[in-house]
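Labels for the chains are A, B, C and D, by order of writing; each one numbers its residues from 1.
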C-alpha cells in the first residue's frame, strides 16, 4: 500500500479544519515548541519507510517512554511484576490519588504516572547505572545511538513535579516504593525527557509489531507472549482517560505523550509515529488522534 | 486448525485445578444452576462448527445481551448515540454511582448497567413493540427463531433490582432518561433474561467477526465501521473491572454475563462462546476466562 | 434584653448590602415566592416574644421538618436508632451517593436526605396512620392545631423527586429500608411540605431550648439527654456542607430548609426562626445566615 | 462542684469494662507507652484544680498542638486565613487526598493534617525563628516554661511521614504551600512532638474557656470572637471522622491526639485534659472519650 499518498490526502483534509488544542505549558521547554509542527513516519516490519512533514525533527516523547521502561522491567521481573502494578484502565483522571489510596498503593496500570513511578523504582533497584543502562537499552531497540535524555527538560520537570512527588510519597507510605524517593524521581524525570524524531520513535516501537523481535538486529527483545501483553496494555491504558475513545476511533494499540507525540502499532504490519504539539482536553495530541482515525479508516485495517 | 482437539486438551488441563468461583445467587433462578456445567462452541466465519461439553444447553446470557441492545440502538441512532453514553472503561466498580453523578448522568459506556439502561431507554423510545421487536432482531441475527426471554428470571430480577432502580432514577434526575422508568426497567430486565446455548450464542455474535454481515443470511446488520467500534467497546469495557485483565490475558474483544457465559470474537476468523457458572470476584466466569486464555495461547492468535 | 431593637438595627445594616442568592426553583411552588420577604421571630423559654418583618406569613419549612421526624423516631427507638443512621457530618454534598455506597446504605446522619428517608421508613413502620400521626405530633409540640402539610408542594416534590428515589432504592438494595418505597417517599415528601410562620417555627422548636420539655404544656417531649443530642446533631449536621461555617459564624445549633427558613436555639434561653427565600450556593438562606451571625455577635452570646 | 469525687466515681465505673483499643505504634516512641496509664486534670477559670491518676506524667500531645498553631496563625492573619483553609468537617478519613484534589489544594479545616500543614506554612512564613518562637508562645499561654518539643519523636515522625509528604506536595502543586517543603515538614513534625502532662494541657487550653484571655497573666491571647470561633472549629472538626460522635456524646469543643490525650473546654467554666493511650478505630483515646461522656452526663452540663 502506498502510505505516502494516504498521508498527503489526510493532511490536506485536516488542514481544512482548525487545530484547536493547546500546547502543554507546565514547563517552558514544552511551551516554546512551534504549535504548527506536524510529522508522521511509518515503518513496516519489512523495514519499508513512509513519512510526511516534520518527521525528522526531535521532540520530547514524554510519557511514551513509559512503555519502554515497562518493557525492560517486564523482561526482568516477569509476571511477578503484576504484584506491584495492575493492568486495568484508570477511569477518570481526577481520582488518581483516590484510587491509589483505595488500592493501598498499587497503581491501576504501568502507563499512568503512579505506575511508571513503580516501574522506575524497579529499574532503579536492579540496573547498575540506571540512567545509563536504560538509555543504552532504548538505543539498542531503536538501532540508533544518538537517542538521549534532555537534561534541561528533566530539570524543569523536577522543579514543578510536586504532584509526582505526592504520588510517590503516598506509594512509599504503603510500602510500594523500595528505593530512595529522590533517586526514583530523578530517574523518572529523565525517562520522560527522552527526545526522538517521528522516524526514531516509529523504529523504536517496531519490535512490538514484530512479536517482540527487534527487526534491526533480529534479536528478541521480549517473548511473543510478553510483547502481545504490552500491546494489550497500550490498548486499554495508553491514552489516560481517552483510552476507550482511541480504541473506538483508531483501533490500534498505542501511547501518547504531552509533547504531542503518539506511537501506534498494527501487529505483523507496521509501527507509526505522529507528532503535533496541540493537545486536546484529555492531554493527547488533537491532530495526531484525528490523523490516525482517518488513517485506519482510509486503510480499512485495524485490530478489530 | 482442529479446534476440537485443542478444546479437549485445555479441558483436561483445567480439570487438574479446582474451579474456585461462586455461582451468582442474587436471584434463585441463577443459584440453582449446576456449577459443574461447562460448554464451549466456536463458529468460524466459513460456518464451520467446533464444540465441547454442555454446548447445547440453555443458560441465561445476562449482560451479554447488552451488546445486542447496543448494536440495535447504534444502528438506529448512529454517532449521536455517544451524546448520551461514553465509550470509556469504567474503573473500579464500587464507584459507579459516583462516576454517574460526576458526569451528570452520562454513563461511562454502554456495557455497564447504567449505560445499558440508557440504551434500553433509546430502544423503548423508538421500537413500536419494544420487547417483541428486540427479540425478533436477536432471532434474525442468530438465525434461530427459538431464542426467547425467560419471564421467570425477568420477574425475579425486578423484585431485587433496587440498585438498577437507583441508577435509572439518578439518570432521570439529570434528564438522561426520556421514558417512564418502570417501562424502561421492564425492558431492561427482560433483555438480561434471554437464554441461549453456547452454539446459539456463538452464532449470534458471528456477524461481529464478519465486519457486520450476518453470515447466516449474508445481510448486513451494521456497517463495517460500526461493527469494528462495537468490538472496540467490548475490548475496553466488556468485563467490568476486569476488562484490562481479559485484554491482557486473552487478547480478544468479548463480553461476559453473571450467568457464567462469555462470548469473544477474532475478527475475520471466528466467534467463540464458553459457559461455566462459577464466577470470580469480579463477576466473570472463572473457568471461562482461564479456558480462553489457554485457547489464545495454544492457537497463538489474538488481535495483538 | 430588648431583642426587637437588635432586630431593627441588624435589619437596617443588612439592607445596605444586596441580597445576592437565588430562590429555589426546582418546583414551581417554591420559585413563586416573593424573594424580598424577610421575617424573624424569637421565643424565650419564659414565653416572651420578639419579632420583625414578615414573621406571621406561612412558608415551606422543607428540611427543617427532618429534625421533628428525628425527634419522634428517636423518642420511639432510643439509641438503637443509630444502628441505621450515623451522627457524623456528611462532607461535600456531591459525594452523597458515594458515601452511602461506601457505608453499605447507612446514611451519615439523619438530617441529610438519605438519613431522613431512613427516619421516614422507621416512622412509617410504627405509626398507625403515619401522616396523620406525625402532623398531630408537630401540632402538639407547637401548641398550634393549624399547622399542616401543603399537598400541592408534596405532589410537586413527588414529580421531580428522582434523586430521592435513587437514594432510597440504593438503601433498599442494602436492606436499610424496610417498608414499601412508594409509601416511604410519600411520607417523606409530605414531611418536607409542612408550612409554618416564623412565629410557629420558633414556638415548635422551643422544647429543644428547654431540655426536652414543651413550654406550652410543660409536658416532656423527649429526655434531657436526647434533647441535648438532637441539638448536637443540628450543630454538626444542620446546614449540609455549610455546617462548619454556621457553627463558626453563628455558634448555635440550628437547621435550614430550601424554603429559606432557618431555626436555631440557645439552650436555656430561646428559639429563633428567620425566613428569607434567597439561598446561597450551599442551599441555605443567604440573608438568614448573615442575620443570625450579626445577632449572636450583637448579643455576644453563643454556645461557645 | 466537687469534681474529684466525680472523677473517682467514673474511674471505678470504667474499670469494670475492658479498655479495648490499641496504642499507636507507627513510631516506636508512641508504641512503648504503658497502655494502662490514665490521668485527668480539670482547671476552672477561677484557677481551681481537680485531678486524678497519672495527671502529672508527660505524654506526646500530637495533633492537639494543631489548635495552638491555629490560634497563633489566626491571631496573625485574621479572617484572611480562611482563603487558604476551610472550616468544614472532613467527612470520611479515607478520602482526604481526594477532597484535597477536588478543592484544588484547600484543606477542609485546620485540624486535619493537610490543614495543619498549611497553618505550619503560614507560621514558617512570618515567624523569625519558627520553632523557637512557637514554643515560646506555647510556654506563655501555659504559664509554664518547661514545655518543649521531643526531638526523638519529631525525628521518628520524619522517617515515616510519607503520607504527610504526599499531602504537602499535592498542596504545593496547587500553589497552597509558599515555603520550602522540607522546612514546613520539619516545623510540622516538631509541632506534633510537644509533650505535656494533663495538668499542663488543661492549663494551656484554659484561655479558650475564658473568651481568649490567659487566666495566668490576664493578658488577651486572641479576641473574644476569635476564641469562640476556634472553639467552634474544635466542635465540628476536633475528632477526625468522629467529630459528630464526640459532639453527640460529650457535647464539648475539644481536640484529640494519637498519643491518647484529649482536651475539652466548657466556655466560662473549665478546661479538662484526659490521657489514656489506647485508641479506638477512629484514632481517638477510647477510654478518654468514655470518661468525658460520663463526665458531662454526671455533671449534667454541656454546651447543649
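Please note the rule applied: a residue touches a chain if its C-beta (ideal position, glycine included) is under 8 Å from a C-beta of that chain, and two chains touch if they have at least 3 such contacts.
The structure displayed is predicted, hence computed values, not measured ones.
Path length between chain B and chain D in the chain contact graph, taken as the least number of steps between touching chains: 2. Put simply, the chain farthest from chain D by mean CA position is B.
Centre-to-centre spacing of chain B and chain C amounts to 47 Å, using the average Cα coordinate of each chain. Inter-chain spacing, taken between the CA centroids of chain C and chain D, is 32 Å.
Our note on geometry: chain A versus chain C, Cα centroid distance of 55 Å, whole angstroms. Shared contact sites, meaning residues of chain B that touch two or more other chains, fall at 95, 102. You'll find the chains touch as A-B, A-D, B-C, C-D. The residues of chain C lying in touch with chain B in their complex are 94-95, 97-98, 101-102, 162-163, 165-167, 169-170, 172-173. Every residue of chain A that touches chain B in the complex is listed here, in rising order: 86-92, 95, 99, 102, 108-109, 224-225, 228-229, 231-233, 235-237, 241-245, 247-249, 251, 253, 267, 297, 300, 302-304.
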